Each structure stands twice: as structure tokens, then as C-alpha cells.
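Structures follow.
What follows is a pair of complexes built around subunit A, which joins subunit B in one and subunit C in the other.
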Partner chain A sequence: MTSTSEVTGAGAAASAPAAAWRRAILRSPTLEREVALVLALAVTILIFANASPHFLTAGNAVQILRVSVDLAVISAGMTLLIIMGGIDVGVGGILAVSAIFIGRAYQIDLPVPLVVLIGLSAGALLGAVNGLLCARLRIPPIIATLGTMYIWLAVLFLVIGGQWIAGLPRTLGPLVNGSVFGVPAPLVVVAVVYGGCAILLYGLPFGRHIYAIGCNETAARLAGIDVVRVKVTTYALLGGLAGFAALLYVTRLRNVEINIGTNLALEAIAATILGGASIRGGVGSLLGTLLGVFFIKVIQNGLVLAGVSSLWERVIIGSVLLLVLVVEAVRARRGRSRGAPG
Partner chain B sequence: MTSAFAYPLPRSMVRSPLALRVLCLAVLLASILAIMPFVSPFFYQASTLPFLLKYVPVLGLLGMGQALVMIAGGPGIDLSSGAILSLVGLAIAALVAGGTPVPLACLAGLLLGAGLGAVNGTLIAFLGIPSLMATLATLFVFGGLAVAITGGVPLTGLPASFGWLGQATWAGIPVSLIVVLLPVAVLLHVMLTRTTIGSHMIAAGNDEAAARLLGVQVDRLRFALYVLNGTLAALGAIILLSWLLAARPDAGMGFELLAITIAVLGGTHIFGGEGGIPGTILAILIITVLQVGLQLANISPAWQLGIVGLLLLGGVGLNTALEQWRSRSRS
Partner chain C sequence: MSRLSTALPATSFLAATAMLAIGIGQAAHADTIRVAFVPQIQGIPYYVAMENGADAAAAEFDVEYVQQGPTSTNAVDQLRIFESFVNQGFDVVAVSPVDVATLLPAIAAAREAGVHVITSDADAPGSERELFVAQALDQDLGYTVMDEVVARIGEEGKVAIVSDAPTIQSLNNWIAFIQERAETTYPGIEIVSVDHTDGTAARAFQFATDAMTRHPDLEAIIGIASTTCPGVAQAVEAADKIGEVITTGYCSPNTAREYVKSGAMPFTVLWSPYDLGYLTVWAARQLVDGEPIEGQMTVPGLADPVTFIEEDQILLLGPPAVFTADTIDDFDF
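Up next is the complex of A and B:
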């Protein structure tokens, strides 16, 4: 790879890792969004705490963490992908197919490490297929991932038909239900995944290549970045994370059912955008995404505890998303000099 | 597939990617129709025809709306059209249940569809929010509202006379296809190919900056197209309502993805500037023929999903291949 110092773009200009970190944290274009999300999360928690005495308890906090972990893991990969200017609307299908592989592997009594390996590599492989379709065949990401989603869903239907794969063992249970030195395991899992992605994104040349492609793909190519390789790797990374999420899902619920993974992609995209990423690429924040995930899951959990029909959850998430987008658009309009191209 | 056509094609067709596209789709449809009797002996029975064409109007309206939104560029996409369909269906059913005369309720439904489309249009064309993000948010809001207001329970109690539009057939062809889809398709085709609006749409999709410099009101145009798409979704809601005589809160769920599939398969470029109504109609026919044929042959519905996926990827792959082939044959 060529020296990356020649690659310049928003949030990707610094050459020394330390400077990159400082820039990422202090001069992040998404800092404001993160602060706003923390405030919004705090207000939401206050409202729900008033509405239900069961909301603000340690047990419920751990419960929220447990059900957030699969979405959180996938959203981390989605953030990298959206920063790169890509998108995956079919990640739920990848999770579903990985879950089938995991379920079948459990059923034929493979050792646990092998099950984990199968789940992760199945996801990564399916993700890489998306990456190849987008990067090599130049199919727009939304179309490519939509097309593969239909195919993976067909696989799901054909393999498990009307039946569930049920009664799977809880050998990986500690990953979701356990704790490490008193810290709930889901929190550790989320910290490891987000920490890893943060190192990848802010600490390694690979992360700067992602930003560079998201800002200007042609310029990135001319600067000597192997665009195809970076794209395929990023799609495969999201796929691998979806495989990991499938492991967590199977561990948590101990079955694979036919509607596994529906809505997952849209929720992950919503969390990522809520967290400050732009679908146009080049902008995004892992911390913001994580806050977005918690925001979605806190609303889902709080509505149930407050006795409001959980059917309102999508309306609330959509409205907040809309509010965020409109505020940002209005501010961008005001900030831009008249007549400048958008 | 493309190289076989290399010589017999007139040069004008090589120059016009859309005509070539329509030809490819027609050949594909013909070959599927030729294969179908081997898949299911029941396919060429007279009773199959109304069954086959029943799905076409609703999907057709959504697919054409999606195609128009895409053609005008931006890039344009509407993920919320299925949710608009659900919400409008519920609104009409609720109005009729409340004593409003059916025609008035349908008119209100069309206005609601246009209004919801106008929300999308405002967000995208006037506020400059990327269409994918804006309509993802409105998909959540509209679709969520449809489910939340009703508590997930379908609304029924529509008069049986209302079923005429969606259920009756003339000579085996559904009334809704003749009365609604065909006129709308012709109208939209004329609009796209014979009017300034159409050339402005294609100009805006091809090169937005140039279109603006030429005085095309790109923002207003795109706004109007989202309103149109909302109205078409509302029209689809009326047909679906009349067909089922019940409004399900999740009636349009997943339709947006099918609509996108149809538009793209029909030759509409996802980044705009290219596309047409004939290709879209052929794409709808291909998808419904496949679905019905596989159903008749008692093949798992899963294969339908898989084939739709393959067609989508194949369709776009074909586009890319055609583009490369044309640029080669030009030089």
C-alpha cells in the first residue's frame, strides 16, 4: 500500500495515529450529534423512569443490554459501510443464513469453536459476495444487497421451511447472560466489537481508506488505494459481524425461526443515521451509532414497561429520525451560501 | 445473450439502450411463457388469466411511480410507497365505516396519498435530505402509524358493491387493469416521452447541474414526482381495498422493495436519467408470470423470492454489460 498521508478527506487527514485519534475525538464533525443523542437518551430515560417504577433498575438495564447486543454488533459494521458510501439493506438475510449454519452445526454436534468459526465465516463469505457485486460488477449497493437478500431469504425458506430449528444448546450462554468481574457480558461484547472497529477506523490505514472512498471514490483510486479490496473487506466485515450477531441471537433465543432478521437492516441503518452518519458517505461515528442503538432499544423496552402499545415504537423512532434529518438539513441550508451546489 | 443480437439489430436500436432493454425483456417474457407449460400443465387454462393478471395493477402502479421517481435522479428512491398504500387503505376503510360515501372516501384517500407524497417531496427536493434517508424515516413513521393506530387489526365492513373495481373481470381481464392501470400507464408514458415534463425529468436525471442551467425547475419537478408516487400508491390502495374488502395495516409491507425491483428490472437506472413505462410493465408481467407459474406448479414460494433476487441482480448486471458493449461498439 502507498503512504496514506496523501489521502486527504474530512476526518482523515492526519498522518500520525495520535493526531488522528485527537482529531477523531475533539474535532469530530459528529461530536454535536453525539452530545445531542446523550441528552435525548437522558430525557427518554427520565420520562420512562417516571412512567414505570420497573424501568430504572439494574435488572432492566442488563435486560436492555442483552437485547441490544445483536443490533449493536451489526450497526458497528453498518457504520463502517455507510462511512465508505456503501449500504447493506439485506444484512438480515446474512444473519438468517448464518443462523441456519450455526443451528445445523449444533444439531450435528460439532464442537463449539467449530460452530463459532462456521457462523463467522458463513457471514463473512456472504458479505464478501455483496462486496464483489458492488465493487467488481459495479452494481449499486442498494440493488446488490436487495437482490442477495431475496436469495438468502429463499435459502432460509428452503432449508427450514415452516419449522423452527429449536432446542439448541446454551453452551455459549455466558456470552449473553454471564458477567466478567461484575460487568455484564453483553457490555463486554459491545465494548470489544466497538473498540476493534474504532481501532480499525481511526487507528489503521484501512480506516482512512474507508473515509477516503466515502468522500471521493475516484480520488481514492487515483491516490493508489485498492478500492475493490477495501470494499470487499468492509462488506465481508459487516457479514462477519452479522454472523457473530447470529451466534448471539441463537445463544439468546436457542432457536432459528422463519422471520429471523426481518427489520434488522432497517433498524441498523436507522441507528447509524441517527448516530450522525450520512448516506452520502464520508461522515459517521461509531459512538453515535452505539448511542442510536441504545436509543432505539430503550424506547422499545420503555414503551412496554410504560404500558404503551409497543406498536408505537416505529412511529417514535421514525419521528426522531425525521427530526434529526430536518434540523440538520435546515442548518446546512442556512450555513451554505446561496446558490452553492448541494 | 447480448452478442447474439450484435448483427441483426439496427444501429438506432444499439444507440437507444432503452429499446434494446425492452426487446431483451420481451424475449425473456416470451421464453418464460414458452417454458411455463412444461412447469405446470395448468398454466394455459382460461381460468389462469384473471388469477395471473390480478396482481398486476397494484404492483404496476407502485412500480411505475418508483420508476418515475428514479428517472428524475437525485438519486431518487421511495422506500415509503408501501407504507403509504397501507395508511391510505386504512383511512378509506375508516371513512367508509364512519358513513362517508365510497367515492368521497376514495377521493380523500387520493388526497392523503398525495399529501404523504408531498411530505417525502418536501424533505427530499426542498430540504435536500438524501431520498434513501428521508423515505426510510417516513417508512418508519407511515408504516408505524398504520400498525399503531389500528393496533394491528384489519379494518373491514366495506360494502360488497365496492368490490367491483378489484374483483370483476371483463373477458378474463380484471376491470382494474383496464380502467386504472392501462390509462395511467399510457398517460405516464406520454408524459415521459412526448412532453417537456418528460424531457426535463430525463435531463434532471442525467445531469442535474446542466438541467438547472437550462432553466429546469429540478426541485419542483422532483417534488411533484414524489406527490405523484404517493397518489399512485393511494390508487393502488383503492384497488387492493376493493379486491380484499378489508384494509390490513401491513397491506403494503414489502411492496416498496418489489416496486424497486420492478423499476430496476424494467430498465430504469437507479441513479436516474434512463427508464421507461413499457419496460416497467414488461418487468411486472415477468415477475407475476413467474410467481403464478411457480404457484401453479406447487413449487415453494421461496423459489419466487430467490428468482426475484436473481432477476434483480441479472437485470442490473445486464445493464452494465449492455453499457460496456455499447461503448465498445461505438468506438
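Up next is the complex of A and C:
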């Protein structure tokens, strides 16, 4: 429990907001990872640009943004959760159930603001259930979220009953396909979500509580932090973001299919870990996560454009993830053997 | 086509479940036989339609019918369900394999235990299954899609294929026949890529979009499973390329309907799963009763005759159907 990053994280939890911002930016334990990811992304882009003349075009960049937006939104919430020492392996199930509520709400012609409200609250509510299971009943997060995911997926089967919800309206389409003063809308959506999460994480006491719980939950409790409240809120926040992602998904694909959300949780966790978060909690970077999301989506896109079989995609992402974790483990061991953190 | 226009009875899901529950509760009397079917996935409209057809045949031929599949196209989950039906002593267990290799030993063991095993909807080549109840020949399906595509884009052009999991044998067979037709009959058609999704519309959308980016002159995208159809058609709509790029595939009318009408997917090729489920139960009954299955036969309840192909032990429902904007509203699955 005395690795470099965790100590830094605990420091951040105790200092004033301004210092926390400075520390977050300048002395971030994940700065190295972010730089490495930018370099990796640059190299990947160069390789693909070389392989296909259609890769490095504005149109393709916008396409990548459009298909990244739901994963990016969910990964922001996942980052906060993993920093807090939690995890949600069933967030795809939350997206699925929210999508059903959204689809049904559209089908009975509810006004759009109400549809949005329903989608967001369905997600937040399901997230809060996970939070209560983890915080109140102390069920390990992987087990709790896996358990609820199975229930949500069963709900999906029972409600849809073998009939996909199809042909939904594209009223929210501008959020994914539009643009604001020439800036593609998905970029604006991502900026708002990540900006909001950054303020929460680095600017508000709530963010310091997340770090504190992720570093040492017992110490956080003894320091007077309402651990249950923070945990439930963070799980609910991820749930709400999953509800938002469901809105984006439904508006983009205009149907709710039986396999909706498959692989989403794993991709979000992969992006978060790639981005520098520690699965043990206390460390993580929103910027890193966003880079991780783009890394995954650029590889998915680039392989197709380069004419490489899509079967290689998981091999590549899996290998990069393992590489990152191995490097991390080796460095952690060296750090410990020197016995001098930081 | 008359065979296909049989109206689907509005059997409710609950009613079917209740019937099953009662059926399992009572011991089968002498004449009733118990037939189980393991589809590739539970809960998609296609297999629900098959179940409706099977239920109708079950009532007709004194059969107790149960249908249960995995919740994702997972070979191991499917194997578990298959084995549980064998262990429960069903007279006939039918299966649409997700992955043939996984099922081979289980099929052999079931036969050894005296259980009739048939494949339906998808085959398990090289297994000890007694019969394959086929909706349409893989070759006919592959050729039909290619012919219909060519009828719309001409004999020159680039075509991309987006499929579901690479382990589903029937999908791979159709792809192979599409490719064979292109190579042997339409040398001007170039199949530029075959990509595999995880079953979500999002990935199908992504592959279709990326294929259009890579080939600005792409003329057609074929979605090989119903899971990929909405995604590929939506990609063409989102790219504003209706009329420039056509999409098609083996898509159930319900998943394709909106896109068939918008013009993004001018046609889709499939068969009636209702009739296929019906034929499966009929074949199971014939098998248990030791009645002959041979040549051309008329099945009570099916409009058109079915054909038995001796050398491969295939019971064939008929030629594939092409659904277009004019006909698609006659079908609900």
C-alpha cells in the first residue's frame, strides 16, 4: 500500500482545490502514461495513414468521433469509479435497460425532454443499486455488478420478448451527427462530459473523497468521509452516463437489439486501464482514458481501412493492455525494492 | 411464395411458456413424444417465429415441444443446454449449432444413449446427426443474394460483407457461396472484405461505415445475419448514400422493414422460419414413428412439398424467398 502513485493520490485528497488542479496537471502520476499514449496514438495513426489514403481525412476523423462517443461517455464514469477502487463490469446491461426505456418512451410518443429524463434516471437508478450493493452490503464490486448485469440482461430478454425495438426517431441526431460552429457535435459532447467529470474530480471535495476512498477506504471513513454516500453517488453517476450513452446509441442506430451493450464494459475498462488508471484504485486520468478510447477506436477503424482482418483487433488491443500492465508491474516491483516512493 | 404467406398465429409468449410448464409437469403418455430444439440464441424474432411454427406442428402431431437456447451465441452455453435436454430423456433433440466442433462429441454421446439427434436451421457436417432440416440450400441462398445484387448494381462493382461471429458455420457457408457465385459467374464483382461483429448493431454500423470510407466506390454491403442488418443499413442512411450504396443480406423482415421502405436495403433474402419450425417437428415425429422420409413429400399444414436429398440426408423446405418493399409487410418475424 505504499506505491508512488497512491501516496500522490492521498496527497491530492488532502490539499486545497487549486493545488489539486496543479498537482493533477503537473505532478500527475499518470502524466507519463498520457504522453506515452499520445506517442502510441501518433505512431498508430502514422502506420494507418501509410496503409490507407482514406484514413487521414477529416471525414474519417469525424466518423471515428461518432462511433467513439458512447464508449467515451461511459469510460469517463468508469474512470471515476476505478479511481475510487470500484469497477462496473455490467455497465453494458445498464445501457441495455436504459435503451429499452428510451425505446419504449419513444414508441408511446413521449416528448423528447421526458425521454431524455427517463433514459438518464433509469441509468442512474440502476447504477445506484450497484452502489448500494457494494457500499452497504460490502459485496465486491465485480461480483455485485456481474450479478446485476445478468438480471438486467434477463430484463432485456423478457421485455423485448424476441422483438427488437426498431425504427426509432432520430430527434437527438444532432448530438451525434451535427456540428457546433464547425466543431463536430460528438466532440462537444465528449468535451462537456469530460470537463464536467474533471471539475468533479479535481475541483470539488467530492473528487478528493473519491481519491481518498480509492487509496485507503478505512482511512477515508475514519477521516469522516461518508463513504457510502460517495460510493452510491459515483456508481449512480456511471449509471447516469450509461443512460446518456444509451440515448446517443439509440439516436445513432435507431434500434434496441438483443445484443446491445455487448463488450461495452470491457472496452470501457480497457480504455481506462490503458489510460493509466490502477485497478487497485487511487490512480487514474480522465485525459488518459479519453486517449485510451481513441486508441481502441482508431485501431478498429484503421484495421478495416488497411484491409486487415478485423479478427486481429482484439489481439492487438489485448496485447497492448498486457504490455502496459507488465511494464507497470515491473516498475512497481523496482519501486518497492528501492523502498523510496517518488 | 404461397407457402410463405401463411399467416403467423399470434401465439403469445406467456401462453407458450405456460403450455411448456404444464407439459413438463405431466408424464408423457404413450403417443406423445418429446422434442427439444436448441437454437443459436434465445429471444431473437427469427427463433420466436420458428417456435411458433413448431408449436403449431406440436399441437397437430401430438408432440410436446420445448425450445431453449443460449442468451448469446456462445458455443459452450449451447452445449450445456443440448446436454441437459439429452439427459432429460427427450425423444428427439434438434439443434442449430453455433460451433460444430464443440457439439460433435455430445451428438455422438446422445445417439449412443438412444436419443434421436437432428440439426435444423444450421447443419453439423461430419456429426452423427440423423437428418438436417434445411430451410434452403446454402448454395441457393448464396447465389440468390449475389444474383439479386447484380440485378441492381450491374455486373461490375465492389461489394463488402459484414457477418456475425466467425464461428457460425451456416453464415460462413453462405459467404463462401456468395464468393463462389461472384468468382464463377460475375468476374466484374469484387468482394473487398469480410468482417465479423460481436452481434451488436454498433459494430455492424462501424464496419459498414469504414468499408465505405475505404472504398468510396463501394456499391453494395451484404449483412450476413439479422444482427448485422440494421447496423449496415443505418450506416448507409447516416452516410447519406441511399441510392449510391445498396445493402442487403439474410435479414428478417422485422429488422429490415424500415430500411427496405427507405430504400437503404432494397431487398432481403430469407425463408419462413415459421415453416422451418413446423417442418422440424414433423420430421422428428416421422423419425420416432419410423415413417419413411424420402423423395418429394407433402407435409400436412405446409402449402408446398418438401424434398429429401438422400446423399446428404437433408430435408429441404424449399427455395429461398426474396422480400422487397412490395412483399415485406406480409411477414412478421
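Simple rule for what comes next: the second predicted complex is superposed on the first by the 323 of 342 C-alpha atoms of A that agree within 3 Å, B and C clash if a C-alpha of one lies under 4 Å from a C-alpha of the other, contacts with A are read in each partner's own complex, and residues count from 1 in each chain.
The working rule: contacts are C-beta pairs under 8 Å (C-beta built on N, C-alpha and C of every residue); 3 or more make two chains touch, one makes a residue touch a chain.
Keep in mind that this is a model prediction, so the values were computed, not measured.
Visitor: Following the overlay on subunit A, give me a clash-or-fit verdict for subunit B and subunit C.
Guide: After superposition on subunit A, subunit B vs subunit C: clash.
Visitor: According to the stated criteria, A:167 is in contact with first (subunit B), second (subunit C), both, or neither; which is it?
Guide: So A:167 only meets subunit C here.
Visitor: More residues of subunit A are touched by which partner: subunit B or subunit C?
Guide: Per-residue touch count on subunit A favours B.
Visitor: Look at A:60 in the shared chain and tell me whether it touches subunit B only, subunit C only, both, or neither; answer first, second, both or neither.
Guide: Only subunit C is touched by A:60; subunit B is not.
Visitor: Which holds for A:321: it touches subunit B only (first), subunit C only (second), both, or neither?
Guide: Touch partner of A:321: subunit B, not subunit C.
Visitor: For A:330 in the superposed arrangement: first (subunit B), second (subunit C), both or neither?
Guide: A:330: touches subunit B, not subunit C.
Visitor: For A:280, select first, second, both or neither according to whether it touches subunit B, subunit C, the two together, or no partner.
Guide: first
Visitor: If you stack the two complexes on chain A, which partner ends up touching A:311: first (subunit B), second (subunit C), both, or neither?
Guide: The answer is both, since A:311 touches subunit B and subunit C.
Visitor: Would you sort A:191 into first (subunit B), second (subunit C), both or neither based on which partner it touches?
Guide: Once the two structures are laid over each other on A, A:191 reaches no partner at all.
Visitor: On the A-aligned overlay, A:139 touches which partner chain: subunit B = first, subunit C = second, or both, or neither?
Guide: first
Visitor: Classify the contacts of A:259 with the two partner chains as first (subunit B alone), second (subunit C alone), both, or neither.
Guide: A:259 contacts subunit C only, not subunit B.
Visitor: Clash-wise, after the superposition, say which stretch of subunit B runs into subunit C: 27-35, 45-53, 99-107 or 207-215.
Guide: 45-53
Visitor: So which bits of subunit A does subunit B touch that subunit C touches too?
Guide: Overlap of subunit B and subunit C footprints on subunit A: residues 153, 157, 161, 309, 311.
Visitor: For a test of understanding, state which residues of subunit A touch subunit C in their complex under the given definition.
Guide: So the residues of subunit A in touch with subunit C come to 52, 54, 57, 59-60, 63, 66-67, 70, 153, 157, 160-164, 166-167, 177, 249, 252-255, 257-263, 300-301, 304-305, 307, 309-311.
Visitor: Quick one: which bits of subunit A touch subunit B in the complex? Just the residue numbers, please.
Guide: Against subunit B, subunit A makes touches at 87, 133, 137-140, 142-144, 146-151, 153-158, 161, 266, 269-270, 273, 278-280, 309, 311-319, 321-322, 325-326, 329-330, 332-333, 341-342.
Visitor: Considering only the defined contacts, which subunit B positions touch subunit A in the complex?
Guide: Checking each residue of subunit B against subunit A gives 77, 123, 127-130, 132-134, 136-145, 147-148, 151-152, 209, 257, 260-261, 264, 270-271, 300-310, 312-313, 316-317, 320.
Visitor: If you look only at subunit C, which of its residues touch subunit A in the complex?
Guide: So the residues of subunit C in touch with subunit A come to 13, 41-45, 47-48, 71-72, 166, 192-193, 195-196, 198-202, 205-207, 209-211, 213-214, 216, 227, 230-231, 234, 238, 254-255, 257-258.
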